[in-house]
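Look for chain A in each of the two complexes below; its partner is chain B in the first and chain C in the second.
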Partner chain A sequence: MKRLLDVALGILTAIGGFVDVGAVATAGAAGAKFGLGLVWAFLLATVAIMLLVEMSGRLTAVSGKPYAAAIREHFGFKFYLLPLTSELVANGLMFTAEIGGVAIALSLLTGISWHLLFPVAAIAVFLTVWFASFEVIENGPAILGLVTLSFVAAIVVLGGPPREVVVTLWKPDVKPDDLGEYMFLAAAILGAIISPYLIFFYSSGAREEGWSRRSLGLNKMTAIIGMGFGSVTAIALVTLSAMVLGPMHIGGGTLGEVGLSMATAFGRTGTVLFALALLITCFGACLEVSLSMSYNLAQGLGWRWGEHHKPVEAARFNLTIIVYVLVAVAIGLLGVDPLQLALLGSAVTALLLPVALSPFLVIMNDKHYLGDDTNGWISNVGTIGIIVMAFIVAAVSMPLLVLTGGA
Partner chain B sequence: MLSLVALTPSVSGCEMVKSAYVSQVGGAAEELAAVATTLRLVHEGRVTRQYAQSTFANYREVLVSFEPKLRKAEGAPAPDSVVRAVSVSRGVAQVIESPCLDDGCDWRGQLAALETAAAALDEEVGG
Partner chain C sequence: MARKLHVMRDLVDSQMLSADGRELGRVADIAGTMAADGSVELTDILTGPEALVGRLGTRLRPAATALLRGRLEARIPISEVKTKGMVLRLKQDAEAYPVGDSEPWIVEHILRFIPGSGYRAWKAER
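Up next, the complex of A and B:
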């Protein structure tokens, strides 16, 4: 258990990228429509986010500065406005979507309409962010999030993927008129997992935990185990959907549909496990997104920030959370579909992905911040590759969103 | 990855994206298949009643917008295609509105109607 708590920051960070409301829906749809044909996108994104998270944690551990603060300091406030604005808009949409995910999970458990449960979910998120310490915020979802490993168990119970599904791993069945949707889903997976808010949250979390140069080993382990955990659960969900939903011609268009594969494996217990997994991961993602927004704003504007401060001691940092909860409730009460919001949020994030990631190349080679712990050539080549990928995702995501109607 | 960029401009020009009509009808067929599966799993005791109630509410939200979206959709192969698809969806509207989640009603009849409707829509788009 102690080892798990050591890497809790990584697991909570991974939850936001790999198994939040949008990611569950994307994984479900990807598996149902293309079998294992999009697993490559998950694997590519996993390697990329491991590298980025490790770098942001190393930066904070060595310099004491979170990534957002380093961007602002090194490139100036005008430049920082670009990632800040895109993050505030995208995270506002994502935050509302995640609260919607919590409400839908509660609805799956109780049978009550998710529209009625939306304000309840928002209040629960607000109270947790307001009163809980950072330790509780990271350890709670990380421990409870292990319920997502039930996706892996379901694959085992169902006897593993049959040969015709395994073949799609290297030979995806993409019909000519499905190519647009296939490409859209690939871009959506890459954009959702290589999401800057995960990096901003992780590096701020490292500061909240008081990491120092001695934490570099822990940082590496957290990045690998945390992101690896997220990747395994997301790929398990893809596999499960490919095994169960695809053959039944179910598209996985709603979250309840995605959970039917768990019902096939475990019966009623499976539906409860799926709803609990959705509840915990979306709740964790809510905490992550809300804190990430406040971290970005506070670090950019030089406000006092951190969960170790009482709300009155970091008033503007906490006021940001209140404002975002109110905005989210207002949007949520309009009845907008959380999955559509998540999709839009991902598209906005993808648009400015290169702006948020390019500074890595400069900052991680600056001895002023990192001393002897600057990037080696392998990390630099990896970073350049990720930035190129970010440009590609940024270039194609919006046109594909329009062309496919969000698939 | 680079193929994503290379292919994007050609996506709209070629037949790499389904027409709005095919997307809508295909999506509705998938949704009806999900409705039928949920109903079957409920009566096999594999889905909790609460889960079923919640998912049916979501199915209703998705399917209620099917008809207006379909009427606006471009790319129908023949003028009566839209009429046929709308007629199929209307045929099971009552089932989606009041699904038989208990044993005291004709859930098998509802299941058969849903499966027939899903297959009909699937056939409509050559699925």
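Up next, the complex of A and C:
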């Protein structure tokens, strides 16, 4: 019974943890501009994150080592600085965007300007990380995050996608002028779904929860079923934007615009549901990003870490979180729109994925860590495929982004 | 060469753990003495930001030393090492080693001012 509960909880966690501000931003913009023409990117990214989450969980369950610790030990301090720096940059953007997502959700609910709510959101995030146990941090937002299933309900209420929208699934309507934007969004989708912060967080979580070899079944189920269902909610939002925003020629350029599709389905209730979905998923992601950064640094440098310690018992670990929140607030005060920041952060993440993920290939094949549970050829080929694909898409789209001035 | 590989794999970058199970950072570098016959004997393991900067480039190390003046550096005799490997177990409790002094500083100057830090219990224990 306990085991069944663990599996159910793990799956719920994955569903709720899948969607974040990057997913909402890219799903909204992709659906509004290209119909279902970018669903392939979500599907591809989902398979990728399933593989990677499974691997990171397996590594820690078998070896007791989280990913960042294994990188430092295996490749040395010099190499470790590469994934660390790339995480600092990509997560810095994403963390600010996620806090912005919380602020905009609060703004949709209260009518107060999101700029004013930004510091409030940041403080709330910090206090939760400071006071809450790991179980609360992992399961709380995840279970509440099931409100994202209302995206699926909205599609049903609106009578399902019409034929001309469905056709874009295999025949994307991309005009030559829009090709740059199409590629950029594809890269951003890959970066938004294949989040390295999720991988560092997940493997550290396996340690916080004391996983062992016996957890391997749970790990696999969580990765496949959980991420699969999570992907359904993201693709539902693409479909919803394609059905509602596309015909109205609304570009989905702000999070408020993306929310209009829910309002069309459910009226005022729809706006509230969207705001709640945004609030909960972004809040959950804020907790994961800030912790993942601190996990990464503490494990790489060998400090005491973990949410099961009182803050004073793991001083450097907790100080890192404080500093990171302050940096995000400083970036947030510049007033950049969270949706634009999320798109940029996601694309940068995609570009840096090779740095974050290539150590996997070596570590997951090392018998010192994994004994008989090293990677099979599917995982290895899959990992190489993910790295190459994400990098190509991002490398192609980045110059276009710079040329168009980020528009 | 075989010996060097052995040292790299089993010492450098390993997690240091005290006898009472406290994480004491990772080994940043090693120090040794060279005997007249050219053989090298390993004497200490080093930890701290200066040693780490030295890993990036030996020429950067003096700059780091000028800046930090050894305040966060620690040297632990190799004789204190109980077991080698990816986790390096030391013979004594954490108190015995000059490592991780920044932790109490951070607690006393920053964390104690935030409610719920667990400061009172921490202070009482010392």
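Some observations on this one:
By definition in this document, the second predicted complex is superposed on the first by the 377 of 407 C-alpha atoms of A that agree within 3 Å, B and C clash if a C-alpha of one lies under 4 Å from a C-alpha of the other, contacts with A are read in each partner's own complex, and residues count from 1 in each chain.
Note that in this section a residue touches a chain if its C-beta (ideal position, glycine included) is under 8 Å from a C-beta of that chain, and two chains touch if they have at least 3 such contacts.
All values reported here derive from a predicted model rather than from experimental measurement.
Considered on the superposed chain A, chain B and chain C are sterically compatible, since they fit side by side. Of the two partner chains, chain B is the only one touched by A:180; chain C is not. In the superposed model, A:159 makes contact with neither chain B nor chain C. By the touch criterion defined above, A:275 reaches chain B but does not reach chain C. Residue contacts after overlaying the shared chain place A:131 against chain C, while chain B stays out of touching range. Within the superposed three-chain model, A:69 lies in touch with chain C and out of touch with chain B [touch as defined at top]. When the two structures are aligned on the shared chain, A:217 is found in touch with neither chain B nor chain C. Of the two partner chains placed by superposition, only chain C is touched by A:77; chain B is not. Once the two complexes are laid on top of each other via chain A, the angle at chain A between chain B and chain C, using C-alpha centres, comes to 130°, given in steps of 10.
The overlay of the two complexes leaves chain B and chain C separated by a minimum Cα distance of 33 Å. Common to the chain B and chain C contact sets on chain A is no residue at all. Touching chain B in their complex are the following residues of chain A: 44, 104, 107-114, 176-181, 183, 186-187, 248-251, 253-257, 259-260, 263-264, 267-268, 270-272, 275, 337, 388-389, 392-393, 395-396, 399-400, 403-405.
Chain B meets chain A in the complex at residues 1-2, 4-5, 7-8, 11-12, 14-18, 20, 22-23, 27, 29-31, 33-34, 37-38, 41, 45-55, 57-59, 61-62, 118, 122, 127. Within the complex formed with chain C, the chain A residues making contact are 65, 69, 72-73, 76-78, 81, 130-131, 300-305, 310-313, 315-316, 318-319, 322, 368.
Chain C makes touch with chain A in their complex at residues 12-16, 22-26, 28, 52, 55-56, 86, 100, 102-104, 106-107, 110-112, 114, 116-119, 121-122.
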